[in-house]
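Chain IDs A, B and C follow the sequence of writing; residue 1 opens each chain.
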Amino acid sequence: MTDLNLHLKINDFYTRYAESICDGDIETWPEFFTEKCLYRIIPKTNYDRKLRIGPMFAESKGALKDRVVAIKETLVYSARSITHLVSGVRIVSVQGDLLKTRSMLAIYQTLVDGTTHIQLVGRTFDSIDLGDGTPKFSERIVVFDSELLAGALVFPA
Amino acid sequence: MTDLNLHLKINDFYTRYAESICDGDIETWPEFFTEKCLYRIIPKTNYDRKLRIGPMFAESKGALKDRVVAIKETLVYSARSITHLVSGVRIVSVQGDLLKTRSMLAIYQTLVDGTTHIQLVGRTFDSIDLGDGTPKFSERIVVFDSELLAGALVFPA
Amino acid sequence: MTDLNLHLKINDFYTRYAESICDGDIETWPEFFTEKCLYRIIPKTNYDRKLRIGPMFAESKGALKDRVVAIKETLVYSARSITHLVSGVRIVSVQGDLLKTRSMLAIYQTLVDGTTHIQLVGRTFDSIDLGDGTPKFSERIVVFDSELLAGALVFPA
(Lines give C-alpha, C1' and ligand atoms only; values in the text may rest on other atoms or scores of the structure.)
Protein backbone atom coordinates (compact mmCIF):
# COMPACT_ATOMS: atom_id res chain seq x y z
CA MET A 1 0.00 0.00 0.00
CA THR A 2 1.39 3.44 -0.83
CA ASP A 3 1.83 6.07 1.85
CA LEU A 4 -1.09 7.97 0.38
CA ASN A 5 -3.47 5.03 0.45
CA LEU A 6 -2.42 4.16 3.98
CA HIS A 7 -2.87 7.76 5.09
CA LEU A 8 -6.36 7.85 3.58
CA LYS A 9 -7.27 4.51 5.17
CA ILE A 10 -6.17 5.63 8.65
CA ASN A 11 -7.96 8.98 8.37
CA ASP A 12 -11.09 7.16 7.30
CA PHE A 13 -10.74 4.83 10.29
CA TYR A 14 -10.53 7.74 12.75
CA THR A 15 -13.53 9.37 11.07
CA ARG A 16 -15.73 6.27 11.28
CA TYR A 17 -14.64 5.76 14.88
CA ALA A 18 -15.89 9.27 15.76
CA GLU A 19 -19.10 8.67 13.82
CA SER A 20 -19.85 5.49 15.79
CA ILE A 21 -19.90 7.54 19.00
CA CYS A 22 -21.55 10.72 17.65
CA ASP A 23 -24.25 8.85 15.70
CA GLY A 24 -25.29 7.00 18.85
CA ASP A 25 -24.23 3.63 17.37
CA ILE A 26 -22.40 2.78 20.54
CA GLU A 27 -22.84 -0.97 19.95
CA THR A 28 -20.46 -0.67 17.00
CA TRP A 29 -17.76 1.01 19.07
CA PRO A 30 -15.99 -2.12 20.42
CA GLU A 31 -15.60 -3.38 16.84
CA PHE A 32 -12.95 -0.72 16.29
CA PHE A 33 -10.65 -2.63 18.67
CA THR A 34 -8.75 -5.91 18.57
CA GLU A 35 -9.81 -8.69 20.98
CA LYS A 36 -6.90 -7.99 23.27
CA CYS A 37 -6.44 -4.25 23.51
CA LEU A 38 -5.60 -1.40 25.81
CA TYR A 39 -8.04 1.48 26.14
CA ARG A 40 -7.36 4.27 28.56
CA ILE A 41 -8.53 7.83 29.17
CA ILE A 42 -6.18 9.68 31.50
CA PRO A 43 -5.47 13.27 32.51
CA LYS A 44 -2.29 14.82 31.17
CA THR A 45 -0.95 15.36 34.69
CA ASN A 46 -0.94 11.59 35.24
CA TYR A 47 0.26 10.74 31.75
CA ASP A 48 3.25 13.08 32.08
CA ARG A 49 4.23 11.40 35.37
CA LYS A 50 3.73 7.90 33.96
CA LEU A 51 0.86 7.34 36.39
CA ARG A 52 -2.02 5.30 35.07
CA ILE A 53 -5.18 6.40 36.84
CA GLY A 54 -7.95 7.85 34.72
CA PRO A 55 -11.71 7.78 34.25
CA MET A 56 -11.83 4.85 31.79
CA PHE A 57 -9.72 1.74 31.44
CA ALA A 58 -10.13 -1.56 29.58
CA GLU A 59 -7.84 -4.39 28.48
CA SER A 60 -10.06 -6.35 26.09
CA LYS A 61 -12.86 -5.94 23.60
CA GLY A 62 -15.05 -7.79 26.12
CA ALA A 63 -14.53 -5.01 28.67
CA LEU A 64 -15.48 -2.44 26.04
CA LYS A 65 -18.67 -4.42 25.34
CA ASP A 66 -19.41 -4.34 29.08
CA ARG A 67 -19.11 -0.59 28.90
CA VAL A 68 -21.65 -0.53 26.07
CA VAL A 69 -24.08 -2.62 28.12
CA ALA A 70 -23.59 -0.23 31.03
CA ILE A 71 -24.32 2.77 28.79
CA LYS A 72 -27.40 1.20 27.28
CA GLU A 73 -28.91 -0.58 30.28
CA THR A 74 -27.36 0.22 33.64
CA LEU A 75 -26.03 3.76 33.90
CA VAL A 76 -28.41 6.56 34.84
CA TYR A 77 -27.60 9.80 33.07
CA SER A 78 -29.38 12.63 31.34
CA ALA A 79 -29.62 12.43 27.56
CA ARG A 80 -26.83 14.14 25.68
CA SER A 81 -25.39 14.65 22.23
CA ILE A 82 -21.74 14.26 21.44
CA THR A 83 -19.67 15.73 18.63
CA HIS A 84 -16.03 14.82 18.11
CA LEU A 85 -13.68 17.01 16.17
CA VAL A 86 -10.52 15.20 15.23
CA SER A 87 -7.46 16.74 13.60
CA GLY A 88 -3.80 16.01 13.25
CA VAL A 89 -4.17 12.30 12.54
CA ARG A 90 -0.59 11.21 11.87
CA ILE A 91 1.13 7.90 11.27
CA VAL A 92 4.16 8.05 13.54
CA SER A 93 5.69 4.69 12.59
CA VAL A 94 4.95 1.53 10.66
CA GLN A 95 6.26 -1.94 11.62
CA GLY A 96 4.72 -4.58 9.42
CA ASP A 97 0.98 -4.55 10.18
CA LEU A 98 1.40 -2.42 13.28
CA LEU A 99 1.13 1.35 13.16
CA LYS A 100 1.78 3.90 15.85
CA THR A 101 -0.56 6.82 15.24
CA ARG A 102 -1.74 9.92 17.06
CA SER A 103 -4.37 12.64 16.80
CA MET A 104 -5.79 15.78 18.41
CA LEU A 105 -9.34 15.55 19.73
CA ALA A 106 -12.03 17.91 20.99
CA ILE A 107 -15.26 16.46 22.38
CA TYR A 108 -18.32 18.68 22.69
CA GLN A 109 -21.21 17.62 24.86
CA THR A 110 -24.74 19.02 24.80
CA LEU A 111 -27.32 18.09 27.41
CA VAL A 112 -30.99 18.22 26.46
CA ASP A 113 -32.21 21.79 26.98
CA GLY A 114 -28.62 22.81 27.52
CA THR A 115 -25.98 24.64 25.58
CA THR A 116 -22.94 23.01 24.04
CA HIS A 117 -19.79 22.88 26.11
CA ILE A 118 -16.33 21.40 25.76
CA GLN A 119 -16.15 18.08 27.54
CA LEU A 120 -12.53 17.37 26.93
CA VAL A 121 -9.71 18.24 24.58
CA GLY A 122 -6.40 16.52 24.20
CA ARG A 123 -4.23 14.14 22.27
CA THR A 124 -4.56 10.45 21.54
CA PHE A 125 -1.60 8.06 21.27
CA ASP A 126 -2.69 4.94 19.48
CA SER A 127 -1.59 1.64 17.98
CA ILE A 128 -3.44 0.26 14.99
CA ASP A 129 -3.31 -3.35 13.82
CA LEU A 130 -3.89 -3.88 10.09
CA GLY A 131 -3.48 -7.63 10.42
CA ASP A 132 -7.00 -8.75 9.56
CA GLY A 133 -7.45 -6.38 6.60
CA THR A 134 -9.40 -3.64 8.36
CA PRO A 135 -7.70 -1.35 10.87
CA LYS A 136 -8.36 -1.97 14.57
CA PHE A 137 -7.04 -0.18 17.62
CA SER A 138 -4.82 -2.48 19.66
CA GLU A 139 -4.16 0.50 21.89
CA ARG A 140 -5.86 3.85 22.35
CA ILE A 141 -4.67 6.27 25.02
CA VAL A 142 -6.69 9.48 25.27
CA VAL A 143 -4.74 12.12 27.20
CA PHE A 144 -6.96 15.04 28.17
CA ASP A 145 -5.78 18.46 29.28
CA SER A 146 -7.86 19.12 32.37
CA GLU A 147 -7.49 17.41 35.75
CA LEU A 148 -11.21 17.31 36.28
CA LEU A 149 -13.91 16.63 33.74
CA ALA A 150 -17.00 18.80 33.85
CA GLY A 151 -19.70 16.21 34.51
CA ALA A 152 -19.67 12.46 34.14
CA LEU A 153 -17.93 10.81 31.22
CA VAL A 154 -20.69 8.55 29.96
CA PHE A 155 -19.54 7.88 26.43
CA PRO A 156 -16.06 6.81 25.40
CA ALA A 157 -13.59 9.17 23.74
CA MET B 1 -10.57 9.86 -10.97
CA THR B 2 -8.82 7.77 -8.32
CA ASP B 3 -10.17 7.53 -4.81
CA LEU B 4 -7.28 9.64 -3.62
CA ASN B 5 -7.90 12.44 -6.09
CA LEU B 6 -11.61 12.40 -5.35
CA HIS B 7 -10.95 12.50 -1.61
CA LEU B 8 -8.61 15.48 -2.06
CA LYS B 9 -11.13 17.28 -4.29
CA ILE B 10 -13.96 16.84 -1.78
CA ASN B 11 -11.85 17.93 1.16
CA ASP B 12 -10.78 20.98 -0.80
CA PHE B 13 -14.44 21.74 -1.56
CA TYR B 14 -15.42 21.63 2.13
CA THR B 15 -12.45 23.85 2.98
CA ARG B 16 -13.29 26.50 0.40
CA TYR B 17 -16.94 26.39 1.50
CA ALA B 18 -15.89 27.21 5.08
CA GLU B 19 -13.54 29.94 3.84
CA SER B 20 -16.35 31.64 1.91
CA ILE B 21 -18.26 32.10 5.17
CA CYS B 22 -15.31 32.83 7.48
CA ASP B 23 -13.64 35.27 5.07
CA GLY B 24 -16.84 37.31 4.86
CA ASP B 25 -17.27 36.50 1.15
CA ILE B 26 -20.87 35.63 1.71
CA GLU B 27 -21.81 36.53 -1.90
CA THR B 28 -19.82 33.54 -3.05
CA TRP B 29 -21.64 31.13 -0.73
CA PRO B 30 -24.63 30.28 -3.01
CA GLU B 31 -22.17 29.27 -5.76
CA PHE B 32 -21.32 26.16 -3.74
CA PHE B 33 -24.82 24.84 -4.50
CA THR B 34 -26.64 23.53 -7.56
CA GLU B 35 -29.59 25.55 -8.92
CA LYS B 36 -32.10 23.18 -7.40
CA CYS B 37 -30.89 22.18 -3.98
CA LEU B 38 -31.91 21.46 -0.43
CA TYR B 39 -30.32 23.39 2.40
CA ARG B 40 -31.42 22.84 5.93
CA ILE B 41 -30.14 23.53 9.44
CA ILE B 42 -32.04 21.51 12.03
CA PRO B 43 -31.63 20.47 15.66
CA LYS B 44 -30.70 16.85 16.31
CA THR B 45 -33.91 16.29 18.29
CA ASN B 46 -35.96 17.04 15.18
CA TYR B 47 -33.64 15.22 12.80
CA ASP B 48 -33.78 12.04 14.89
CA ARG B 49 -37.61 12.13 14.82
CA LYS B 50 -37.73 12.86 11.08
CA LEU B 51 -39.23 16.28 11.81
CA ARG B 52 -38.15 19.05 9.52
CA ILE B 53 -38.31 22.32 11.45
CA GLY B 54 -35.08 24.26 11.90
CA PRO B 55 -33.66 27.76 11.81
CA MET B 56 -32.74 27.78 8.10
CA PHE B 57 -34.32 26.18 5.07
CA ALA B 58 -33.96 26.69 1.31
CA GLU B 59 -34.83 24.71 -1.82
CA SER B 60 -32.95 26.60 -4.52
CA LYS B 61 -29.86 28.64 -5.13
CA GLY B 62 -32.19 31.62 -5.56
CA ALA B 63 -33.38 31.25 -1.98
CA LEU B 64 -29.76 31.14 -0.82
CA LYS B 65 -29.09 34.35 -2.74
CA ASP B 66 -32.08 35.91 -0.98
CA ARG B 67 -30.45 34.99 2.28
CA VAL B 68 -27.26 36.74 1.19
CA VAL B 69 -29.22 39.90 0.35
CA ALA B 70 -30.88 39.71 3.76
CA ILE B 71 -27.49 39.38 5.47
CA LYS B 72 -25.97 42.25 3.53
CA GLU B 73 -28.87 44.67 3.35
CA THR B 74 -31.87 43.83 5.52
CA LEU B 75 -30.99 42.06 8.73
CA VAL B 76 -29.97 44.09 11.75
CA TYR B 77 -27.33 42.38 13.83
CA SER B 78 -24.14 43.20 15.66
CA ALA B 79 -20.89 42.61 13.80
CA ARG B 80 -19.34 39.22 14.36
CA SER B 81 -16.55 36.95 13.20
CA ILE B 82 -17.06 33.32 12.35
CA THR B 83 -14.59 30.45 12.31
CA HIS B 84 -15.56 26.99 11.08
CA LEU B 85 -13.63 23.92 12.09
CA VAL B 86 -14.46 20.96 9.90
CA SER B 87 -13.27 17.41 10.41
CA GLY B 88 -14.31 13.93 9.43
CA VAL B 89 -15.14 14.73 5.82
CA ARG B 90 -16.01 11.33 4.38
CA ILE B 91 -17.36 10.09 1.08
CA VAL B 92 -20.12 7.68 2.09
CA SER B 93 -21.11 6.55 -1.41
CA VAL B 94 -20.58 7.33 -5.08
CA GLN B 95 -23.21 6.88 -7.80
CA GLY B 96 -21.98 8.27 -11.08
CA ASP B 97 -21.55 12.02 -10.54
CA LEU B 98 -23.47 12.00 -7.27
CA LEU B 99 -21.73 11.60 -3.93
CA LYS B 100 -23.16 11.18 -0.49
CA THR B 101 -20.77 12.79 1.96
CA ARG B 102 -20.71 13.83 5.60
CA SER B 103 -18.62 15.87 8.03
CA MET B 104 -18.30 17.08 11.61
CA LEU B 105 -18.54 20.83 12.16
CA ALA B 106 -17.88 23.31 14.96
CA ILE B 107 -18.77 26.96 14.44
CA TYR B 108 -17.25 29.60 16.72
CA GLN B 109 -18.75 33.06 16.86
CA THR B 110 -17.13 36.19 18.22
CA LEU B 111 -19.03 39.43 18.68
CA VAL B 112 -17.15 42.71 18.53
CA ASP B 113 -15.73 43.40 22.01
CA GLY B 114 -16.81 39.92 23.02
CA THR B 115 -15.11 36.65 23.65
CA THR B 116 -15.31 33.65 21.37
CA HIS B 117 -18.05 31.14 22.04
CA ILE B 118 -19.33 27.98 20.40
CA GLN B 119 -22.31 28.76 18.21
CA LEU B 120 -23.10 25.25 17.15
CA VAL B 121 -21.52 21.86 16.75
CA GLY B 122 -22.82 18.88 14.91
CA ARG B 123 -22.76 16.75 11.81
CA THR B 124 -23.57 17.52 8.20
CA PHE B 125 -25.17 15.02 5.80
CA ASP B 126 -24.61 16.15 2.26
CA SER B 127 -25.01 15.29 -1.41
CA ILE B 128 -22.48 16.59 -3.89
CA ASP B 129 -22.99 16.78 -7.64
CA LEU B 130 -19.83 16.57 -9.74
CA GLY B 131 -21.79 16.88 -12.97
CA ASP B 132 -20.52 20.23 -14.21
CA GLY B 133 -16.86 19.57 -13.40
CA THR B 134 -16.70 21.40 -10.07
CA PRO B 135 -18.38 19.98 -6.97
CA LYS B 136 -21.64 21.57 -5.83
CA PHE B 137 -23.91 20.72 -2.93
CA SER B 138 -27.27 19.44 -4.18
CA GLU B 139 -28.13 18.84 -0.55
CA ARG B 140 -26.65 20.03 2.73
CA ILE B 141 -28.28 19.11 6.02
CA VAL B 142 -26.61 20.59 9.09
CA VAL B 143 -27.72 18.73 12.22
CA PHE B 144 -26.71 20.61 15.36
CA ASP B 145 -26.57 19.16 18.86
CA SER B 146 -28.40 21.77 20.93
CA GLU B 147 -32.12 22.48 20.88
CA LEU B 148 -31.58 26.18 21.22
CA LEU B 149 -28.91 28.29 19.59
CA ALA B 150 -27.21 30.92 21.73
CA GLY B 151 -28.10 34.08 19.82
CA ALA B 152 -29.36 34.61 16.30
CA LEU B 153 -28.04 32.50 13.45
CA VAL B 154 -27.12 35.23 10.99
CA PHE B 155 -24.64 33.43 8.77
CA PRO B 156 -25.18 30.02 7.19
CA ALA B 157 -23.49 26.89 8.46
CA MET C 1 5.97 15.79 -6.56
CA THR C 2 2.33 15.09 -7.32
CA ASP C 3 -0.44 17.24 -5.90
CA LEU C 4 -1.38 14.40 -3.61
CA ASN C 5 2.09 13.96 -2.18
CA LEU C 6 2.46 17.68 -1.72
CA HIS C 7 -0.90 17.91 0.00
CA LEU C 8 0.07 15.07 2.37
CA LYS C 9 3.44 16.67 3.09
CA ILE C 10 1.91 20.05 3.95
CA ASN C 11 -0.80 18.53 6.16
CA ASP C 12 1.88 16.55 7.95
CA PHE C 13 3.89 19.75 8.44
CA TYR C 14 0.93 21.56 10.04
CA THR C 15 0.29 18.56 12.26
CA ARG C 16 3.86 18.33 13.52
CA TYR C 17 3.88 22.10 14.07
CA ALA C 18 0.84 21.78 16.36
CA GLU C 19 2.39 18.80 18.15
CA SER C 20 5.56 20.76 18.91
CA ILE C 21 3.46 23.28 20.88
CA CYS C 22 0.95 20.86 22.43
CA ASP C 23 3.58 18.30 23.46
CA GLY C 24 5.50 20.99 25.32
CA ASP C 25 8.49 20.66 22.98
CA ILE C 26 8.65 24.40 22.62
CA GLU C 27 12.41 24.32 21.85
CA THR C 28 11.60 22.63 18.56
CA TRP C 29 9.12 25.31 17.53
CA PRO C 30 11.56 27.78 15.88
CA GLU C 31 12.83 24.95 13.65
CA PHE C 32 9.56 25.12 11.73
CA PHE C 33 10.64 28.52 10.36
CA THR C 34 13.25 29.77 7.91
CA GLU C 35 16.10 31.93 9.27
CA LYS C 36 14.48 35.09 7.92
CA CYS C 37 10.78 34.87 8.51
CA LEU C 38 7.70 36.81 9.47
CA TYR C 39 5.62 35.60 12.40
CA ARG C 40 2.64 37.58 13.53
CA ILE C 41 -0.47 37.05 15.64
CA ILE C 42 -2.99 39.81 15.08
CA PRO C 43 -6.69 40.43 15.75
CA LYS C 44 -9.01 40.29 12.78
CA THR C 45 -10.06 43.91 13.28
CA ASN C 46 -6.48 45.04 12.66
CA TYR C 47 -5.83 42.55 9.88
CA ASP C 48 -8.93 43.70 7.97
CA ARG C 49 -7.76 47.35 8.18
CA LYS C 50 -4.20 46.44 7.19
CA LEU C 51 -2.97 47.50 10.63
CA ARG C 52 -0.15 45.47 12.06
CA ILE C 53 -0.39 45.57 15.84
CA GLY C 54 -0.90 42.26 17.63
CA PRO C 55 0.24 40.31 20.64
CA MET C 56 3.19 38.54 18.98
CA PHE C 57 5.59 39.61 16.26
CA ALA C 58 8.95 38.32 15.03
CA GLU C 59 11.08 38.75 11.91
CA SER C 60 13.69 36.01 12.32
CA LYS C 61 14.18 32.56 13.73
CA GLY C 62 16.46 34.21 16.30
CA ALA C 63 13.53 36.24 17.63
CA LEU C 64 11.47 33.06 17.88
CA LYS C 65 14.29 31.45 19.86
CA ASP C 66 14.26 34.47 22.18
CA ARG C 67 10.59 33.80 22.72
CA VAL C 68 11.36 30.23 23.66
CA VAL C 69 13.95 31.38 26.20
CA ALA C 70 11.38 33.79 27.62
CA ILE C 71 8.82 31.00 27.94
CA LYS C 72 11.26 28.63 29.58
CA GLU C 73 13.25 30.97 31.79
CA THR C 74 11.88 34.48 32.15
CA LEU C 75 8.12 34.69 31.93
CA VAL C 76 6.06 34.08 35.05
CA TYR C 77 2.80 32.29 34.34
CA SER C 78 0.68 29.53 35.75
CA ALA C 79 1.12 26.08 34.23
CA ARG C 80 -1.22 25.28 31.38
CA SER C 81 -1.95 22.70 28.72
CA ILE C 82 -2.57 23.59 25.12
CA THR C 83 -4.43 21.69 22.41
CA HIS C 84 -4.53 22.91 18.82
CA LEU C 85 -7.23 21.79 16.43
CA VAL C 86 -6.33 22.56 12.85
CA SER C 87 -8.60 22.13 9.86
CA GLY C 88 -8.90 23.45 6.35
CA VAL C 89 -5.22 23.29 5.49
CA ARG C 90 -5.14 24.34 1.85
CA ILE C 91 -2.42 25.08 -0.67
CA VAL C 92 -3.53 28.34 -2.25
CA SER C 93 -0.69 28.68 -4.77
CA VAL C 94 2.65 27.18 -5.73
CA GLN C 95 5.55 29.14 -7.22
CA GLY C 96 8.63 26.97 -7.50
CA ASP C 97 9.60 26.07 -3.92
CA LEU C 98 7.29 28.68 -2.39
CA LEU C 99 3.76 27.85 -1.35
CA LYS C 100 1.00 30.08 -0.12
CA THR C 101 -1.11 28.09 2.32
CA ARG C 102 -3.82 28.71 4.86
CA SER C 103 -5.66 26.95 7.65
CA MET C 104 -8.34 27.27 10.33
CA LEU C 105 -7.20 27.02 13.93
CA ALA C 106 -8.77 26.63 17.36
CA ILE C 107 -6.54 26.75 20.44
CA TYR C 108 -7.84 25.40 23.74
CA GLN C 109 -6.10 26.30 26.95
CA THR C 110 -6.43 24.55 30.30
CA LEU C 111 -4.93 25.95 33.48
CA VAL C 112 -3.98 23.56 36.26
CA ASP C 113 -7.09 22.91 38.38
CA GLY C 114 -9.11 24.75 35.76
CA THR C 115 -11.52 23.80 33.02
CA THR C 116 -10.73 23.95 29.35
CA HIS C 117 -11.58 27.16 27.51
CA ILE C 118 -11.12 28.52 24.03
CA GLN C 119 -8.07 30.73 23.89
CA LEU C 120 -8.38 31.83 20.32
CA VAL C 121 -9.90 30.77 17.03
CA GLY C 122 -9.17 32.08 13.60
CA ARG C 123 -7.40 31.66 10.32
CA THR C 124 -3.73 31.46 9.43
CA PHE C 125 -2.26 32.84 6.20
CA ASP C 126 1.12 31.31 5.61
CA SER C 127 4.04 30.97 3.22
CA ILE C 128 6.02 27.76 3.17
CA ASP C 129 9.48 27.35 1.69
CA LEU C 130 10.33 23.86 0.41
CA GLY C 131 13.80 24.97 -0.67
CA ASP C 132 15.90 22.90 1.71
CA GLY C 133 13.90 19.69 1.35
CA THR C 134 11.73 20.00 4.45
CA PRO C 135 8.94 22.56 4.64
CA LYS C 136 9.54 25.69 6.71
CA PHE C 137 7.31 28.67 7.35
CA SER C 138 8.81 31.81 5.80
CA GLU C 139 5.65 33.58 6.92
CA ARG C 140 2.91 32.72 9.38
CA ILE C 141 0.13 35.22 10.10
CA VAL C 142 -2.39 34.06 12.71
CA VAL C 143 -5.55 36.17 12.49
CA PHE C 144 -7.76 35.61 15.53
CA ASP C 145 -11.42 36.54 15.80
CA SER C 146 -11.62 38.35 19.12
CA GLU C 147 -10.24 41.78 19.91
CA LEU C 148 -9.13 40.73 23.34
CA LEU C 149 -7.59 37.46 24.40
CA ALA C 150 -8.80 35.91 27.62
CA GLY C 151 -5.59 35.81 29.63
CA ALA C 152 -1.99 36.09 28.57
CA LEU C 153 -0.77 34.50 25.37
CA VAL C 154 2.22 32.60 26.67
CA PHE C 155 2.69 30.01 23.96
CA PRO C 156 2.80 30.73 20.22
CA ALA C 157 -0.09 29.90 17.90
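In this text, a contact is a pair of C-beta atoms (placed from the backbone, for glycine too) under 8 Å apart; a residue touches a chain by one contact, two chains touch by 3 or more.
In this text the structure is predicted, and so the values were computed from the model without any measurement.
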{"item": "Turn needed to bring subunit B onto subunit C - CA fit, degrees, nearest 5", "value": "120"}
{"item": "Classification of the subunit A:subunit C interface as same or different, half of numbers criterion", "value": "different"}
{"item": "Mean-CA-position distance for subunit C and subunit A (Å)", "value": "27"}
{"item": "Residues within subunit A bordering two or more other chains", "value": "4, 85, 87, 106, 118"}
{"item": "Touch list for subunit A against partner subunit B, complex", "value": "4-5, 8, 12, 14-16, 18-19, 22-23, 81-87, 106, 108, 110, 112-118"}
{"item": "Partner subunit C, residues of subunit A touching it in the complex", "value": "3-4, 7, 44-45, 85, 87-90, 102, 104, 106, 118, 120-123, 145-148, 150"}
